[in-house]
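Here chain A shows up in two complexes: once beside chain B, once beside chain C.
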Partner chain A sequence: MTNTRIGVSGGGLVSLRKIKKRKDIFETCFIILMLAYPLLHFAVFWGVVNFNSIVRTFQRYVAIENGVVVNKWVFAGLQNFRNAWNSFSTADGKRIIINSIGYMIVSNFISLPLAIISSYFLFKKMPLAKVFRVIFFLPSIIPIVVLATVYRFQFDSQIGPISSIFRLFGASPPNWFGLYPNSQYMIYLYCIWAGLGYNVLLLSGAIGRLPEELFEYSKLEGTPLMREMFGIVIPLIWPTITTTFLLGLTSVFGVMLQPMMIKQGDPMVFTIALRIYNSVGAANEAARPEIIAYGLLLSVLALPVILLVRFIMERIYSDVEF
Partner chain B sequence: MENTVIKLKNVKIKRGKSQAVAMWIVFVIFVIYSVSLVFPFVWMFLNSFKPSTEFFQGNIWGLPQTWRFANYSEIFLGKPVVTESGSTIITTVSGKLFGNTFKYSIFHMFIVSIALTFLCTLSNIFFSATSAYVVSKYKFAGRQALYALAIFLMIVPIAGTLPEQYQLMKTFGLTDSFFGVFLLSSAGFGMNFFLMYGFFKNISWTYAEAARVDGAGHAKVFFKIMLPFAMPAIISLAVIYAIGIWNDYTTPSIYMKSMPTLAYGLFVIRGTLEARGLYTQTFAAMIIALVPILAVFIAFSNTIMENTVAGGLKG
Partner chain C sequence: MKKRISVICALAFVFALFCGTAVGCKSESHELKLTFYDGGYGSAWAYALAAKYEEETGVHITVDPSKTVQADAPNMLQNGTDSDIIMSHGISWELPALQGRIEPLDDLYAMECDGGTVADRIVPEIIDNGKLKFDGKYYKLPWTNGVGGLVYNKKMFDEHGWEVPTTYEELATLCETIEKAAIVVNPNAPQQSRRTVKPFAWSSETYYWDYLVFDWWAQLQGIDGINAIKNLESASVFDPDGTYKFTEALKLWTDLIRPHEVNGILRDYCIEDSSGRDYMSAQNDFINGYAAMMPNAQWFESEMRDNIDPEVCELMMMSAPAVPGAKTDDNGNVIRVSYQVGGGDSIIIPASAPNKDEAKRFLAFMMREENAKLFTERTLGVMLGVKYDNLDGIADRYLTKFAHSVFDINKNSVKFNLYSQNNMVLNNKITLEWADTGINEYAALAAGTKEIKDIFDTRYKDITAGFDTWKSESDAIYGADN
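Now for the complex of A and B:
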């Protein structure tokens, strides 16, 4: 119909262009309206915050100059980065880094392999598989305050059931959360206990989406369970494993609440994130640039590692469409 | 082809005994792990009904001899608890309400948490939907960049920016404000953007084209056709996001100290109660905090679990 109008008169062509132009304007307006707030939010709370953070790392705070209160920020070159770098080699700095890396090791080299094995067996029509899935998922939805409290009470030297079991056998229970590094190991144990179920759920879901025929053929061939797991299942769910592994890597920077809830206030179990969190709102303005430099420096150091691990893991098994 | 599959399914091939043994060993491990997850809550639940004296006199394992329901009412309503030594413990958290000093009981924290969870979820899901819809369905300059940005934000951790975020909020006068937390959560390019992008991408554009031919505008297509299509997925995302907001300790502990949510207030109350040896009341507080989350889980368990599995992960 439109073509007919074009053919009939030049005026029709003009009106078609007008309609098209009007449509484009409406579409553009719609796109702008839909994206306006999300982009503004992103620009302010990500863009400005990150920009300010970077600028701040090159500044230092001067409260008094020549006996006069000035309260101003001045250029400091790379001094904050130097200070942050030097803080890595102090006893506290080393411990914070080690504690934080520990979460990555626990997450990727203990929790993840356990989750892979568990999810495979859950998938293999194990009795009560559905019940297990629900129970395993529970820690993911329970507030961490509650979960951490429950965990701590289990090991309480006076009333805790686990300590009571020790006493039942005539042994005195150790001071589980007392001294470092025991307290740190107990927090790692908490992370495995509370975090395993979530990974199991993610991975068993990934296994559940594999074509059933694969397992039927494997069964026909009489493939042993272990070979089926390492030869078929793991290669096929590798993208999920890769993502979970990468998220585990980022736990170096993210873990904060676990040590805070279990050993509140104990600097021995501080992590990178907890150190940064504790600095928020601190009255000492002068310390802010260094803590930001500390975080940014660690992020810059970690980025190539994350990208390299991703690069390597993506090449271990090729992505298969099914 | 289907017949072949059916035939294969009917073939029974027994795997070795060792494999059955392996399966049972793993089963036992699962049972132990499950018990370790469930038992502490049952233990805490039973002990939450005991008077402190009974608990400290050694009845740690058994059923309560005296059922003290007041543990719950005291904690929930913020009534003062009298210890054995006769001292009175306040079970509220001091804060502010409309500029005036206010003592928040767990009941009040519930209300704050419900309001915050509802508004934050609504805003985040809505703005994630608007941005995801436009980026997935419209062709315009920079749309690939926006998608890449969402992936970048998800993968790359940037540590150390929290102090500057706090300063920015301070500049806006939002460091102790309900609205500040609401504003922070109303982002449109977070994890939910990424997931919704996938939902909208999979919805056929033919419906929109048909509606456009019938004279529907872009907004009408979005609100009347695309949103209803994506609604089941959006609801599941909303439930998962809401649980995250409900449980969030960090943000309220920084930006809403004077108006404690349940997650933050519970941490403060726990400290007070434990320090005075009021363990049974501590247990009651923990159980109270669990009730709403368990109710949501029971109501939406399938939705939550299936979509957590989906969770944007391909495998």
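Now for the complex of A and C:
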């Protein structure tokens, strides 16, 4: 090292420094350029949009004032929040909230346990495990439009196979989709059917990563299957279950396509997201602040609930490194 | 060498970009883009009119049928579009008009058309009820002058000697006759799958019943009464125990459709699980002879033309049978009314359209009677919102009995719609018929899970409670004088 230094002349050192400086500048430019796009994207499509939306919730639109077209936004105080809050207590408002909470219950307390059981038995290499894996996952890769149409036709009162089974036994098929709340239950059933594969895939991945030795030891000990599932598998994949549970919790605010596709936008099966989508999609800009306030208010109410659930879930089983 | 190749590649890239941009540019006067809702009317009419216009003027029209134009329209108006003309149902045009996003059409209405002006060509009731103006200016043309109600299978009626009902009582009797006849449609099917002809087929698109029930409502309320409700002077116009007749019309409907006993026998006049069925399945049931009548509208034949077997089904539209208590004229005859289906359909020119003047010339061309007939011809009977003296000149192969029946109803009825420019309606606080959330309750009423009184008492209570607040909030947007 010393020899090398001695061997470099003064001019050489300067040019080395220049090269290093140029390299530094190049690297800095490279980092700036690489970060510029995502940062700009974030600033415009997240920062500005959200800031603008929040500002809108405190404004109202005035198109005509004293007989003159003015087209301006004016300060409205908390009027939009008051209207949004009042909308919770109307019959429609209550139904929308109940419909939406239903997706969380279905997702977390029906679909998730089914997915855990299915994943475990698939992992235990039950007969036809690979076939079932494909069957479970198939609905997740078929477009929702096709899937919803197929699903509806299965229950069609005249040509659907399920209704035919009812007739075979001399019974009349129920009004599956025509009447609320039947129509809402049918959408929940669809979510279980179509959503199971996704959860099975996530949980199978988590179970697949568990050390083989644990199961060998469990086999040597003669641990029954149920004990193995509840005593070993579930605690070890708990972080994945927590994540899936929290995702299920957010379905209260996110489900939109399922009711839209299965019931073609019937307001009886509206969810929070579908209500917001429908209102924002309309050309009536003046009505938007209220619906933004509605979304914001619900987010504010939901945030502590989600954080609390996460806090509790993380304390049920401690993280295990393996 | 590499540098040269790089430079040549870069130049080629820039040139390609330029070409792409150049293709996107439109000459001011030789191209138009017509974007319209691709639904029951099909698109054959647009290609026919475009070809004729190009032949006459040399202006090429790009025909752009779209299933999503209604949803896209707000963005197209707000952010600019290369479409010169937009035609669709459900465009909320009033606020965008005030915001300068829609081209005013006063000069179009003054343009020459068939020896008069375009304004002279529009059906007068549409001018009166449709409110094509906002803030003193025309912003839209009406698209269609629709007819809805009960479509019936004429072939089936003729075969069984059934008369087309002209009164509600005759309709009820006809339903009973059809139900009692128990005509098996598919005798070769296994016992459990055999089905008999039902009076009515309908689907989960329950709002199709509106077309019949609104006619009954207008018969009971009178057109003036309907127009008075549109003004929303007070909440009391919705009082179900007062002058609001929509509930009476609904009661007549419920009495007919809800399964009920006739001479001690339970009768259900509808195909099983109607309210849960997909509308295409229900329409197929009807044209395949499983039902004698179906609530539908003027686009039905155009929508189903490829599926109709003339040996099984021939479509006709009937006038709404007169209900007890219907308003009569000076001679004691029931005033025939017809709800203008699609009364809110619009033809607009976006302010950002590249060829606004040419678009206006095309629309004036479209409003000419011969071209309106071309529209009717290619949509199998759908009529534009303009005056037709007759249907002469339309090729026989297009002019079906269905088209004639639609024309007859349009020609011989007083047209009305429920479009209102009241501030509360514009601000989505109140609708004139069902709840403001867009929920209609036909399915629940047919199944007997809800009663008319409960639905409308609750609604009246809600409207009474919110009326003043909604009014002041809506007036604050559109001005108290609107």
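Throughout what follows, the second predicted complex is superposed on the first by the 299 of 322 C-alpha atoms of A that agree within 3 Å, B and C clash if a C-alpha of one lies under 4 Å from a C-alpha of the other, contacts with A are read in each partner's own complex, and residues count from 1 in each chain.
Definition applied: contacts are C-beta pairs under 8 Å (C-beta built on N, C-alpha and C of every residue); 3 or more make two chains touch, one makes a residue touch a chain.
Remember, predicted model here, so these are calculated numbers, not experimental data.
J.: Touching A:Thr90, do we find chain B (first), chain C (second), both, or neither?
T.: second
J.: Answer with first, second, both or neither: which of chain B and chain C does A:Ile142 touch in the superposed model?
T.: In the superposition, A:Ile142 touches chain B alone.
J.: Should A:Glu314 be classified as contacting the first partner (chain B), the second (chain C), both, or neither?
T.: neither
J.: Once the structures are superposed on A, label A:Asp24 by its partner contacts, choosing first (chain B), second (chain C), both or neither.
T.: neither
J.: Using the touch definition from the top, say if A:Ile64 reaches chain B (first), chain C (second), both or neither.
T.: In the superposition, A:Ile64 touches chain C alone.
J.: Does chain C touch more residues of chain A than chain B does, or is it the other way round?
T.: Result: the larger residue contact count on chain A belongs to B.
J.: Which of the two partners, first being chain B and second being chain C, lies in contact with A:Met261: first, second, both, or neither?
T.: A:Met261 contacts chain B only, not chain C.
J.: Which partner does A:Pro173 contact after superposing on A: first (chain B), second (chain C), both, neither?
T.: In the superposed model, A:Pro173 contacts chain C only, not chain B.
J.: According to the stated criteria, A:Asn284 is in contact with first (chain B), second (chain C), both, or neither; which is it?
T.: Only chain C is touched by A:Asn284; chain B is not.
J.: Please identify the positions on chain A that touch both chain B and chain C, taking each partner from its own complex.
T.: 153, 159, 164, 264, 281
J.: Contact residues on chain A for chain B in the complex?
T.: 26-28, 30-31, 34-35, 37-39, 41-42, 44-46, 48-50, 52-53, 56, 117-118, 121-122, 124, 126-128, 131-146, 149-151, 153-154, 159, 161, 164, 193, 196-198, 201-209, 212-213, 216-217, 219-220, 222, 224-225, 236-241, 243-244, 246, 250, 253-254, 256-257, 261, 264, 272-273, 276-277, 279-281, 288, 291-299, 302-303, 306, 310
J.: Can you name the residues of chain A that touch chain C in the complex?
T.: Within the complex, chain A touches chain C at residues 60-67, 69, 71, 79, 83, 90-92, 152-153, 155-159, 163-164, 167-168, 170, 172-173, 175-180, 183, 263-264, 266-268, 281-287.
J.: Of all residues in chain B, which touch chain A in the complex?
T.: 5, 8-9, 11, 13, 15-16, 19, 22-23, 26-27, 30, 33-34, 36-41, 43-44, 55, 60-61, 127-128, 130-131, 133-135, 138, 140, 146, 149, 153, 155-168, 175, 183-184, 186-189, 193, 217-219, 222, 243, 246-247, 249-250, 254, 262-263, 266-267, 270-271, 279, 282, 286, 289-290, 293, 296-297, 301, 304-306, 308-311, 313-315
J.: Residues of chain C touching chain A in their complex?
T.: Residues 71, 73-74, 77, 91-93, 95-96, 98-100, 135, 192-193, 195, 204-205, 271-278, 281, 285, 426-428, 435, 437-439, 443-444, 447, 449, 458, 462, 473, 476-479, 481-482 of chain C touch chain A in their complex.
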